[in-house]
Structure formats: structure tokens, C-alpha cells
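The following blocks contain the structures, represented as C-alpha cells.
Here subunit A shows up in two complexes: once beside subunit B, once beside subunit C.
== the complex of A and B ==
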């Protein structure tokens, strides 16, 4: 009985969203959605047209996807690494660490739109190549936006140790280093994934927005903007769809990693 | 000076048969909220012999866990002294001669049963081959062969606690300290594990200090039951358990057993 319920739960978490998506696409393709929203097929093209554009421009789109992925994943990696290290430092110096992290959380309140142009300006002398210096600026934007979530969660994972676990380590006269590697670090693993569940979708959004302000014209986000400016709404929608697919794909990859690495935990 | 090698003090103590010597020990917790200090333990003196099974029994707040933690060097006594094999508890702890089993099993949920048992040996830098052999031996001893590759949440509460015992025994400790290890388990599982613990004890020949609030459990297991009373925490009696060994659960139905349980119960003061 319970097993049946459990498998239904697992099934329905996938089934309902897919059902909802299918319903939306049906409404869209049949033009009902346009009637509801009062839109025309010029600003909101039919799904099949968007699909055709994606198919016909696949090589160009993939170039832009690649540029955006480098920014999103590069920034995510650097930001998460930095965030984790900050969490470790805070866990070592608990006295100031907790307050410091609260302060760092304030950084999260700075909107991407504000930091992107500033970083553009700051990195203008990094390289004579416009593509490279734009890349650096964009990666820095994503780095900043994904640092805080990781540092706060890493700190929690490193310090929220189950009762008696510390006593156990002390009773074996474990060194601080051993406690870190054998207890704190593995204990923080689920917290790393909590942070990534926030920052993986976040890194895609930050990457898209940072591209808007970049000097060099490349990337999925930038193509959305360029095509809207040129009133090529169908192409813009193609890039919007690709951006959504990227976000979903990265999230799925994250969930797969999580299910492998957290195997056996409750 | 150095040419004359002093005989290790421990030998004399071991010959004496006393493994843990507690003299006039007190533990006082200062109350930070502004009230008075709390006397967790006052003037406790107790000798525990090598290979002996001693229970510390008493109601909540009598300081039995504090006493165990003091022996394990997890709690500093305010006054008095503890020596273990003629050394300080800290020295014994640093030599990793204590095996501790806590109220909850404290298993790492990211490690399988085998790797949990393995953990202390990793800390000690014991080579892998030896670790693997010892883990198998320990899991056999606690009757968990076949469950080694399960994760903690796949095991019952009783099995988890048995993994905890296997882990404590894996480093071949001289002294096993157990802090209400079975208190969270149901009565059936508890009795089964009590019997198993006695068989492990007879095989492993360790000194065991066992904290419990269960009188019947303490009488069944022990050579001596140390009765503690609260406010302030103190030893109010030490009862010799003369029941023959090896003991099985049937001993609980004898009049001798009931008499000893009554004797322990009547030793409490001020509850």
C-alpha cells in the first residue's frame, strides 16, 4: 500500500508538470492562448515555427549556447568554490564567521543589472580581445551571484553536526584535520546540493542577463535582446526556448549527480 | 637518570586488579543563567577491576552519564582524581584505549555499516587489509554478517546499535564505556542485545562500564551495580550481583534476581 503510494508520488512529480506543459503547448499551437492573451502570431509565434527556426539555425544557436554555458558553468564553479572556502573559513573562526556570512548575504541583495555594467568597466583592460574580456566580466557576474548561497550552506553543513558525533571523534583522539575530512566535509555534502539547487538555475539567469551588458555580442541571452531589437520575435522566441531548455538540462544533470553522490543517505 | 628504566606504573596497578580508580571526584556545572551551580557529582570514589562489568544506575540527573564522560575524558572533573591503569584518562584516550557506545548509535549516514565500523581504524592509520579483516570479525561478533553493505537507515534501531558496538570493539579497546546504549530500543530487542552483550563480553574480556536507568538491565548484566542518587549526584550504594554466569534471560525469573532488583531499588535516596 505504502509502496504504491510512494511510486505514485514519484510518478506524479514528473507527470503533472509534463501534463501542464503539454496543455499549454496545445493551447498555444491551436491559437487559443493568443485569444486569451490578446496576442498576435507576430509577437508570439506558433510553437511549430519556433521549432523550425531552432532546427534551421542549429549550428549558430549551438555556438551561442556554448558561449552561455561557459559563462554559466565557469561562474558557477568559481562561485561555488569560493563560497565553500568562505564557509570553511567561517567554520574555523566560528566567532566571526557567522556574522561575516550574514554580512556576505547582503551581497545577494545587489541586483545583477547593477553589477554587470560595473564589472564590464572594471575588466576592460584584462585582454585586448573583446570576446575574452567580455567573457571574464560575465563569468565574474555569475561568480558573485553564486558565492553566497554556497557559503551559507557550506557553513551550515560543516557545523551542524549530529549530537555525539563530535564526542565520538574526540574519544578516538581524532585531529582537527581528521574531523574535517571524516566528519565535517561528508556532512556538508547534502548542503552543497541544497546550495546548487538554488545556484544552478541562478547561474543560467545571471549568465543570460550579464550578456545583455557585455561588450562582445555572443550568447543566448544577448541573442534574445538583439532579435527583439530587430523585431525578429520568432528568432527571439527560439533563443528563449533554448534558454529554458538549458536551465532544465542543467537542473536534470544536477539531480542525477545528487542521486549518485547522496546514495544511501536518508 | 635515564639509564635506570622505571618499571611502568601500569603493571603494578594491573596486578592489583584495579583498572579504573576514582577518588573523591566532584563535577560542578556553573549555571550561566545566574542561578547557583549544579553539583552533578559529589565525592565519588569507586574502583573498577579489570575485566569487570559495572553498571551505573540511577534516575535522570544523578550524574551517571557525567561520571562515564569523566572516565572517558570528555568531561573534566572539578576536583578529585581519576586514574585508568595508573594513567590519566587523557593519556588513555590519546592511546585510543576507550571504546564508547552512545545513547544513539552515532553512525555516519554516508557510510555503510562496514565503513562505519572501519572509521576509527582509519583514524588510527591501520592498514587496509587488516581493517577489512577486523571489520568482518566484528560484524560476525555482533551477528550482523550479511548487513555490512547496508546504509544505517536501512537497518533497524537494534542493528544500528550493534554496528555502534562493533565499531567500539574494532579498535580493540581495553575499556568499553556504554552510555544507555539500549535505552531507545523496544523491550524485546533490548533483552536480546543484553544477552548478546554478555556473550561479547565473555569473548572479548573487556572491562565494561555500563550506564542505564533500567534496574533489571543493570542486575542482569553486571558484576556490581553502582547506584547513584541525584541532588547532589552521589553514589548511594554498590550492590554485588552474585548471580552465576553465564547468564541467560531465564535468570530473570528466579527469586534471587528479584531480590537483587529490590535491593538496588531500595538503595535509591531522595528520589
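== the complex of A and C ==
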């Protein structure tokens, strides 16, 4: 009985969102959604039309997806690495580390649209190649936006140790260094995934927005902007759909990694 | 001192250091162009270096046509809405509107870069790649349902433009009164330059009928649009190639509204609005003058002027009926109609292209 309930739970967490998605697409394709929203088929084209555009322009769309993915994942990697290191520094110097992280969280409050143009100007001399310096600027935007979540969570993972674990380590006369490698680091692993659950969707959004301001014209976000301004809504929606798929795909990859790496944990 | 402060300092400085690493590399000195350099020399050199700038978002077609004319690829750098990129040499050949960015580049007033005559320009009209810009448009359906409103609006707007061009200083003051994103000095400069665009055609000949649709220039605009507007959506791309002048402009309202013996009739709709393409500035002085001098009221209309700015899509605003009229560039209207909007130009206020490419010259 218990087993059945558990498997139903697992099934329903996937089933309900899919059911909801299918319902929305049905409402959309039948035009009922347009009536509810008061929209027309020009500004909100039918799903099959969006699908056709994606299918017909797959090579071009994939080029833009690639550019956006490099920015999102590059920034996510650098930001998470930096964030984790900051967490480690804060955990070693706990006296002021916690206060420091609180202040560093202020970085999270800076809107992407404010830092993107600033970083564009700051990176003008990085490379004579506009594509490269533009890419650097965009990656830095994502780096900044994904640093804090990781540093705060890494700090918690490294410091919120179960008292009995710490007592056990002390009873073994373990050095601080040993405690760090054998206890703190493994303890922080679930917290890394907590941080990534926030910053993975966040990195895609930051990448899309940073492309709006970039010097070199490429990327899914940039295409959304260009096409909306040119009143090409069907194409803009095609890129919006692709952006959604990218976010979902990255999140699924993260969940798969998480289930493998945290197997056997609570 | 709180215990946290030292840590905060260290953490912030770490992030700062990361940002500084990328800015520490010194800028390389750029060489500018000789004042006798030909257009071809400048365009080819800047394009080869990949330092031609434009704002994109539908403003790029004339630049692409010019690049093609000189056998260069049609790629360009995305230019911000200021001229900092031109100032710091990351863009050697920058896009500028004669009435706006060029004034900022040359002049020393607030927001200006004070280059004076140390810069030269390449004019799209002279190069034969001019595309028409600021017009007055509405939807075909609105025009057909409210012909008298359209005629009354055109007659009053044209009167406003005529007064503004005769009195640019007063017009600049009026615009400044209605809200301005730039200084009054720049507004005055802009009024003087906009006057030239309204009163001169692409060939440099004087225009007497303000707002009249010049079919030759419209055809050139449409032809260039068909070559350089690249649409991802194959349905829209195919439709673009089939568009003719009759799909994008209707001169009949203007012609009857401005005829000597014009009888305008009673407007069907009296509360109307016009969506500007950009922030309130002398680029749109004719409408502000018509409003301020009561020309719209005299025509039986209660007009609201809706400023644009940023990524506002004036074509969408008119298409969805949020506003009745709009000011856009003809190329934007063509792209929108290719996408399926039934927009119709009813007057062409700017008779020549105001877009130039500006470059610095060596002393």
C-alpha cells in the first residue's frame, strides 16, 4: 500500500505538470486562450505556426541557442566556482564571514539590466573581436548573478554540521583540515544543488537579458527583442519557446545529476 | 566596528578585482581618416576592421545597403543609444541621425561630445541608399472606417509642421514644454535639422507640400527593404517580396485633405491618439505645435500624443488599436505588413533620410 502511494506520488509530480501543459496547448490551439486573454492570433500565434517556424529554421535557431548556452553555462560555472570559493573563505573565517555574505547578497539585488551595459563598457578592450568581448561581457553578467546563491548555500553547507558528527570528529582528534575534507565538504554537496536549483534557471534568464545589450548581435534573447520590435511575433514566439525549452532542459539535466550524486541521501 | 565589515570588504573587493582584470588591458590608439578620404575608402576600411555601428532593430537597412554597395559584408556592431562607442573608438563609423546623435557628437552643450568639425559624415541620400523615415500611419481598416478623422488629423498635423518649420525656435520651445529627454539647446539644434528633412527631398530639391508621399522615394525604400529585411518566418518573408506601394501607402487622404478647396467633413472619431517613435523631442515638433496652437481642436479633434522610447513598437500599438495613428520609419511599416499587419501610410513627413555615418578625421 505504502509502495503504491509512493509510486503514485512520483508519477503524479510528472503527470500533473504535463497534463496542465497539454491543457494549455489545447486551449491555445483551439483559440479559447485568445478569447480568455483578449489576444489575437497575430500577437499570440497558434502553436503549430510557432512549431513550423522552429522546424524550418532549426540551423539558425541552433546557432543562437549555442551562443546563449555558452554564456549561460560559462557564467554559471564561473559564478558557482567563485561563489563556492567565497563560501569556503567565509566558512574558514566564520567570525566575519556570515556578515560578509549578507552584504555580498546585495549584489543579487542589482538588476541585470543595470549591470549588462556597464560590463559592456568595461570589457571594450578585452578583444578586438566584437564577438569575443561581447561574449566575455555576457558571461560576466551571468557570473555575477549566479555567485551569491552559491556562496550563501556553500557557507551553510560547510558550517551547518550536525553536532554529533562534529563530536565524532573531535573524538577522533581530527584536525581542522581533516574536518574540512571529510565532513564539511561532503556535507555541503546537497546545498550545492539547492543553490543550482536557483541559479540554473537564473543563468538562462541572465544570459537572455544580457544579450539585449551586447555589442555583437547573436543569441536567443537578442532574437526575441529584434523580432518583437520588427513586429514578427510568430518568430519571436518561436525564440521564446526555444528559450523555455532551454531552461527546462537544463533544469532536467540538473535533476538527473542530483539524483545520481545524492543517491542514498535523505 | 562590526565584525562583519572586514569580511564584506574582502568579498566585495574579490568581485571588483575580477571586474578589474578585464578592464586593465590598455586601449590601442586608433588611426583616423584623412579629410580627403573617399566614401569608399572609409566604408571599406571600417567594415574590414568590423567597426561599423548601428542600433539594429530595423534601423540597419540603409547601412547594410551602403556596405553592399562597396562590396562589404552586411554585418555591423550593435550601437548603444549614446555615442560612447564612437567616442572611445570601438566604433569607427557610427550611425547618427543628423538631428540627434550628430548634434551630440559635434556640439559642446549638455550631453555633447564636442568634436566640432573634427568629424565628417556619409549621407545616405547622396549615396543613393536612402530609405524614408518618419511618416504618419494608421491601419487600413481605421482609415476606411474614419476617413474624415484621418483627413482632419492630416490637415492639422501638416499645418503644425508648416508652422514648426517656419518657426523652428518657437517649435523647439513648445516641444521642450511638453516634456523632453534632452536639453533645450539640443532641442533647438534638432528643430533646425528636422526642418531640413521636412523641406528637402532625397535628391536635395526643396519640398513645398509638407507631408506629401513621394512615390519615387517610397519605391526606392520598398526595393531596399525587400533586399535587406531578413525575416525568419518564411510566410512573412514571401509576403514581403509581393508587397507593392499600394500595400503600404494611401495618398488619397492626404491629397483631399490638403487640396485647395478641401472640405473635410465631420470627423467620425474625435478622440484620437498618435504614438511617437521616440521620446518627446523636436523630431516630432509638428504634432506638438499642432496641439499647442489648437490646430487639432480647430479640426474638431481631441488629440493625445503618446511618447515612445526604448523598445516601444509603434506598429504594434497602432495595429492593436491602443492608439489610432503612429509615426514610424517606412521600413518598419513594411516589415510589419509583411508579418501580417494591415498598416497604411497616410503622409510622409520626413522627405529624405536623416541617417548618416559619422567618422573622425585626423588633424
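Criterion: the second predicted complex is superposed on the first by the 266 of 266 C-alpha atoms of A that agree within 3 Å, B and C clash if a C-alpha of one lies under 4 Å from a C-alpha of the other, contacts with A are read in each partner's own complex, and residues count from 1 in each chain.
Everything below uses one rule, namely that contacts are C-beta pairs under 8 Å (C-beta built on N, C-alpha and C of every residue); 3 or more make two chains touch, one makes a residue touch a chain.
Note that the coordinates shown come from a computational prediction; the quantities given were computed from them, not determined experimentally.
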| item | value |
| --- | --- |
| Contacts of A:132 with subunit B and subunit C, given as first, second, both or neither | neither |
| First, second, both or neither for A:171, with subunit B first and subunit C second | first |
| Partner chain(s) touched by A:249 [first = subunit B, second = subunit C, both, neither] | neither |
| Touching partner for A:23 - first (subunit B), second (subunit C), both, neither | neither |
| First, second, both or neither for A:92, with subunit B first and subunit C second | neither |
| Subunit B versus subunit C as contact partner of A:183, first or second or both or neither | first |
| Greater subunit A contact set [subunit C / subunit B] | C |
| Touched partner set for A:110, first subunit B, second subunit C, both or neither | neither |
| Doubly contacted subunit A residues - partners subunit C and subunit B | none |
| Touching residues on subunit B, where the partner in the complex is subunit A | 69, 72, 74, 93-94, 96, 98, 100, 102-104, 106, 108-112, 119-120, 122-124, 151, 153-154, 171 |
| Subunit A residues within the subunit B interface of the complex | 162-165, 167-174, 178, 182-183, 186-187, 189, 264-266 |
| Touching residues on subunit C, where the partner in the complex is subunit A | 2-12, 14-15, 18-19, 22-23, 25-28, 50, 56-58, 77-78, 80, 84-85, 88, 90, 229, 231-236, 311, 313, 315-316, 319-320, 332, 335-336, 339-341 |
| In the complex with subunit C, residue positions of subunit A that touch it | 40, 42-43, 53, 56-57, 60, 82, 86, 89-90, 93, 95-104, 107, 117, 119-126, 128-130, 136, 140, 143-144, 147, 151, 213-217, 223, 225-235, 238 |
